[in-house]
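Two complexes are shown next, each including chain A; its partner changes from chain B in the first to chain C in the second.
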Partner chain A sequence: MSELFRTCPRSGLVFHKPAETLIKLNAVTAVVFLAVGGILGLLVVMTRWPAVHLLSSELFYQVLTGHGIIMLLVWIIFFEIAILYFCSSTLLRSRLATPRWAWLAYALMLGGAAITGVAILQGGSSVMMTSYVPMPAAPHFYLGLILFAVGALIGCFVFLGTLVVAKNERTYEGSIPLVTFGALTACIIAIFTIASGAIILIPTFLWSVGYISEIDPLMYRVIWWGMGHSSQQINVSAHVSVWYAIAAIVFGARPMSERVSRTAFLLYIAFLQLASAHHILVDPGVGTEWKIFNTSYAMYLAVLASMVHGLTVPGAIEVAQREKGYTNGMFEWLRKAPWGNPVFSGMFISLVGFGFLGGITGVVMGTEQINLIIHNTIYVPGHFHPTVVLGTTLAFMALTYFLVPVLFRRELFLPGWAKWQPYVFGFGTALMSLFMMGAGTLGVARRHWDMAFSGAPFSFEFGGAAYMMMGLTGIFGVVSVIGGAMFVIVVVGSLVLGKKIEDKSEYTTTRPAILPLGPAAPAHHGKGFVAPGTFVLALVFLATFVVYYFLNWMYLSSVWPMN
Partner chain B sequence: MAEPVQPSGNQKEERVPVLQQILDNPFLLLFIGVVMPTVFYILWGVMEIVTIPIAN
Partner chain C sequence: MSALLPPSERIWGNAPLDKVEGTWIAIALVWCLFMFFMMPYWHVFGKQNYSGEAYRTTPAAYSAKVEAMVEAHTVRKETDQQIPVVRPPAGSDVYLAGRLWSWYPALELEKGQTYRLHISSLDWQHGFSLQPLNVNVQVVPGYEMVLTITPDKSGEYTIICNEYCGVLHHAMMGKIYVVDR
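For the complex of A and B:
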C-alpha cells in the first residue's frame, strides 16, 4: 500500500496521513478530558474554600477521585501519545509504524478511561487516585485503569516502532532530533511506569474480585508510587521536549549544546523515576538507606538535569535573539520576545513556574528531614500543581496554539483570548499553588473535606492565617479554572468555528525528502558568557533555592526545639 | 599473506564516541531506564519489606 504524506506550507512539517489522524484524535480527546477534569477541579476548589464549602463529604471524595484520575492520567497521557506520534512520524518524516495497533491503543485507552469513569460515577470507588488498599474500589475501577495502561503501552511501542522504521528507511541523517530524543525519554519512563502499574494493579483487581485474600498495604504503596509518581515524570520529559520544540519554532533557536542536553535527558532516564520514594519517606517498613539513596543521592542527578534544561532552553532563546540584534543590556532579548504570542508566553511561564515553584519545592519534599514538616499536607498538591498544571499542562496548551493552524488548518478562534489565556491560567495556578503551600506549612491536610473538623471526636482548631490561605487558594483556583476554560473555548471554537486556512497541500504518495542533519551549533568557545541574561536568571534561581531551603530547615528547628 | 588493512584517516575520524552510541540506541536506553528504577526502587524496596520480621 502506498503511503500518503503532505507537507504543511506554513511550517514545512511533513504529515503521514494515518499519523496525522491519530495525532488529532488523541489531542482532541485529551482536551475533552481536560474540560471535564477542569469542571471537577472547580468543584474541589469550591469545597476546600472554607467560606463556600460547596459539596457534601461523599460527593467531595467522589469528585476528587475523578479530578485526580482524569487530570493526572487521562488528559495528560492522551496528549502525550499525540506528542509521541508527532515527534516520531512528523519530526522524522516517517510513516507511522503499525497504525492499526495505534488505533487499538486509542480504543483501549478510551474504553479504559470510560470504564473507570463509570466506576467513579457509580459512587463505590471514591478511593482517590492512589486507591490505597485495604480501601476497596469496584473491580471495574481497576480494570479500566489496566486497560488504559495497556493502551498507552501499545502507543509507546508504536512510537519505538516508528523510530525503527525511520532508521531503516533512512528518513533522517545523523541522530534523531533533540525534541524526538526528549519524547523517547518520556516513552521509556512511561514503559517503566506502566510496568509498575501492572505489577500492583493486576493483583489489586484480583483482590477486588476475591481471587487474592489480601494485598500488603506497604508493598502496595511502594510499587503503586513507582507508577503514580513516575507517571508525572513522563510529563516532565514531555514538557521539556515541548520547551525545546517551541524555542526552535518561535525563535529558530538551536540548543546551546546538543551533547549536554542529551546527557541531561540520559540522567532523566536513569534517575528521574527514583524520586517516587519521597512518598514513602514517613513509612516505617523501608530503611533509611533506601529512602536517602532514592530521594537524595540519585534524585539530585535528575534535578541537575532539570536545571540543565532550565538553563539551556532560555539560553538558546537568548543566543537566537542576540543574533537577531537584540543585544542591548542584559535583558533586551527577553523584553523584545513575542509576549503576545501564546505559543511563546505559555512556554516561558511554564518554564519559570516549573523551575521556581515545582522544582524547588520538589527538592524540599525529597529531603527526608524537612519533608516531615509538610508530609501529606496540602503543601503536596501545592508542589505538584505548579509541576503538572503550570509546567506540563501550560506547555501542552502552548504547543496546541501552534498545532491548531498547522495540523487542523484553522485560524485561532478568539485570538485576543488566546493571547491572554496563558497569563490568566499561569497567574491563577501559581498563586493557588503558593497559598496551598502556605496552608500546608501551617498543617492543613490534603484530601480533607473539612478543615474545621465539624462534629469530629478529636478536633483541631486552625488559626485565622490557615483559613485565609485556604480562602485565597479558592479564589486563585477559580482564576486558574477560568484560564483553563478560556483555553478549551479557544481550541474547541477554533476547530468548530475557526476560519479555514487556504492550504493547498495535498496528500501524495511521493516520499518526503530526507530530514537533513541540523546545522552545527555555533562555537561559543572564547566568547565569554554568550547568554549573560540567562546566567543572571540562573543565579536568581540559585539564590531563591538556597534561601527557601534554609528557611525550611529553620522552620524545622522551631518544630523540633533543640534546647 | 595479505597485509592487514589499516583504517584510513576518514575511518578514524568517523568513529562514533561511546556516549553517542549509547544515546543513539533507543533499546539500550530503554534497558537502562527500566533496570535502574526496577533495581534501586522496586526490588530494593520490596526486599526491605519482605524481610521485616513477623511479629509473634
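For the complex of A and C:
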C-alpha cells in the first residue's frame, strides 16, 4: 500500500494525504458551526439586553439551548478532532491510523449534531445543554448527543492509534513533542469524559423513551458534571497545547523546561477531572468534606498546573525574543512582538483573557462558600465565556490563521481584517463577560428571559446598575459577534477566494525523513531569571487574584448568617 | 520549533528546571494551599456556610409538610392569587416549596431569630435565589435541603428562580418579609 505525503515548503510540516483531508474537513465543519452558534449567540445577547429584549420567552430558551450545544460541543469538539489528527499524524510525520474509522467518526459526529439540532429546532427540547432531569427532552435530543460522543470517541482512538503507528514505524525518536503530549492529555481526559457522558446520557435516553421510570436528579447532576466539567479540561489541555505550538511557530520558542510543562499537563489528568464538584457546591445532600476535597485538593492542583502553563508559555516567548536581541528593559521582548500577526495576537489575548478573567473568577466561584453568592447567576456565563471563548475559541482561531496557508494553501483573504479580528473579538468578549459578572454580583440570573419578571405575582425591581450592566453586556456582546463574524468571513473567504499558493508541494510516496530532535537547551540556567518580564507579569496576575479573592469573601460575609 | 519536536533530552523527566519556574511554582503552590485552608477555616469561623444538611423526600411527603405549616400559621393572603403569607414561630422549621412556577408560600420571619429553612421542589429543578442579598442554592426534587438562617436586617426580600424551569421560569417569584419583633 502506498501512502501519499507532501511537505509544506513554508512550514516544513509533513502532511499525510488522508490526514490532511480529514483535518481540513473537521476544521471547516467546526467553523461552519461556529458561525451558526454565533448567530444564535447574537439572538441570545440581544434578548438579554433589556432595551432590546428581542425574542419571545419560548424562542429565547430554544435559541439558548442551541447556542450552548452548538458552541460548547459541536464547534469546539470538531476543531479538537482536527487538532488531534494534526498533532499526531502531521507533527509526528506519520500516516494516520485507520482513516476509514476517522471518516466514520466524522459521520457519526455530524449525524449526531444534526439529530440533536433537529430536536432543538422542533421545539420540544429546550432543556439547555445540561438537560437536567426530570425536565424532559425528546428522545432524539439525547440520541444525537450520544452518537456525537461515540464519533468523538472513535476520533480519540484514531489519534491514539496514530501514536502507536508512529512509534512502531519509528517516524520520530525519543519522546513525543510537547504539543503532541498536550494533545494526548486532552485525549485521555476526553475518553474519561465520554465514559461519564455515556453513563448518564444512555439511561436518560432510555428514560425519555419510557424504559426507565426515574432518574435521580442529584445523581444526574453529579455524573453529568463529571462529563461537563472534565470536557472543559479537554478544552484547556487543547488550547494550552495550541499556545505552545504558536509560541514555537511564531518565535521558534522552546519550552523553558520540558519537565515542568509536561508535569503540569499530567496534573490535569490527575486532578482537574475530579473537580466537577464545584458545579454542585450548593446542592442538597452533597457532603462538605467531599466538596472541600474536590474543590481544593483536586481543583487547586489543577489550577496550579494552569498557573504554571501561564508562566511557561510567555516565559518561553521571552527567552526566545531575548536570544534575538530584544533585551532592553523588562518588556522590550513583548513590545517588539508581532502584534499585527493574528496568529500571535490571538494566542496572546487568549492567554491573558483565560488567565485574568476566566481563571481567577473560576477559582473564586469554585470556592465552596463563595459559590453561595454566585451560583446560577449570570456571573457564571461571565466566567466561562473568558475560558471557552477567549481561551479556547480564540486560541483555535489563531491557529486557523496559521493553518490557512499551510494546510489549505491559500493566502488570507482580507488580511487587514484578520489583523484586527483578535482585538475586536477579544475586546468584545472580555467586556461582555465583565459586565455579565457585574450583573451576576448584583443577583441577575442566568438562563433568564426577563429581568423585570413580567407576569410574576409579586414585583421586584433590580436597580439601575444591574440594568446598565445588562445593557453593556448587550452592546459588547454585539461587538464580540462582529469579531466572530470577521473570523468566519476571513476564513471562508480565504478558502473560496484567497489567492492560491503555488509553492511546489507535491504528494510523493517516499516516506518522510525521521523527525529530528529539538535543539538542546543552551546552558544559561543558574544565572538569575531568564524571563524577568514574564515573572513580573505573573506577580501582577497573582496580586489581582489575591485582591479579587478577598473581595468576594467580603461580599459573602455581608449576607445573612446561615449554615 | 522545539515544542513541535521531540525533546533533546531523551528522558524529559531529567530536563533542568529554571529558576523563574521554580520560584513561581513555589509561590503558586503556597497560594493554592492558602485557598485550600480558607474553606475549612470559614466552616469553623465564618458565618455563611451550607453544611450539606439534606434529606430524601418525595413531592407528596414534602407537600404535606408545607400544607400543614400553611394551615397552622397563615396570617394573611396576598395578591389576587391569594398566596398565603405564613408566620411560623421563631426558631421553628419552615417549609418552602418550589414548583412550576411559584415559590410557595410567602414567609414572614422575625429579625434576629434563627429558623431552619427547608427547601425542596415539587416537580423539576429550580434555583432558590434570594434578592437583593444574592444567596443562591440549587433546589432538586426528591431532596429536602435545610439552611439554618438568621435574617439580620428587616425588610422585604424576594425569591427568584435561577435554574431554568420552563417558559414561565422568569415569572417564578416568592417573598420573605423580615419584620422587627
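Convention: the second predicted complex is superposed on the first by the 556 of 563 C-alpha atoms of A that agree within 3 Å, B and C clash if a C-alpha of one lies under 4 Å from a C-alpha of the other, contacts with A are read in each partner's own complex, and residues count from 1 in each chain.
Everything below uses one rule, namely that a residue touches a chain if its C-beta (ideal position, glycine included) is under 8 Å from a C-beta of that chain, and two chains touch if they have at least 3 such contacts.
All values reported here derive from a predicted model rather than from experimental measurement.
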- Message: Touch test for A:266: chain B only (first), chain C only (second), both, or neither?
- Response: first
- Query: Looking at the overlay, what does A:223 touch: chain B (first), chain C (second), both, or neither?
  - Reply: first
- Message: Let me test your reading of the model: by the given contact rule, A:311 touches which partner, first (chain B), second (chain C), both or neither?
- Response: second
- Message: Quick check on the superposed pair: does A:191 touch chain B, chain C, both, or neither? Answer first, second, both or neither.
- Response: first
- Item | Which of chain B and chain C A:57 touches, first, second, both or neither | second
- Query: Where does A:175 make contact in the superposed view: on chain B (first), on chain C (second), on both, or on neither?
  - Reply: both
- Item | Chain touching more of chain A, residue-wise (chain B, chain C) | C
- Task: Pick one for A:363: touches chain B only (first), chain C only (second), both, or neither.
- Result: second
- So which bits of chain A does chain B touch that chain C touches too? 175-176, 216, 218, 259, 262, 280, 285-287
- Using the touch rule from the top, collect the residues of chain C that touch chain A in their complex. 1-21, 23-25, 27-29, 31-33, 35-36, 38-40, 42-43, 46-52, 54-56, 78-79, 81, 83, 102, 106, 119-120, 123-125, 127, 129, 131-145, 147-153, 158, 160-175
- Task: Can you check the complex and tell me which residues of chain A touch chain C?
- Result: 57-58, 61, 91, 128, 132, 134-135, 172-179, 216-218, 221, 244-245, 247-249, 252-260, 262, 280, 282-288, 291-292, 295-297, 300-301, 303-304, 307-308, 311-312, 315-316, 363, 367-369, 372-377, 441-443, 445-451, 453-458, 460, 462-463, 515-521, 525-526, 528-532, 534-535, 538, 542, 545-546, 549, 553, 556-557, 559-563
- Using the touch definition up top, name the residues of chain B that touch chain A in the complex. 19-20, 22-24, 26-27, 29-30, 32-34, 36-38, 40-42, 44-46, 48-49, 52
- Query: Which bits of chain A are touching chain B when the two form their complex?
  - Reply: 160, 163, 175-176, 181, 184-185, 188-189, 191-192, 195-196, 199, 216, 218-219, 222-223, 226, 230, 259, 262-263, 266, 269-271, 273-274, 276-277, 280, 285-287, 290, 293-294, 298
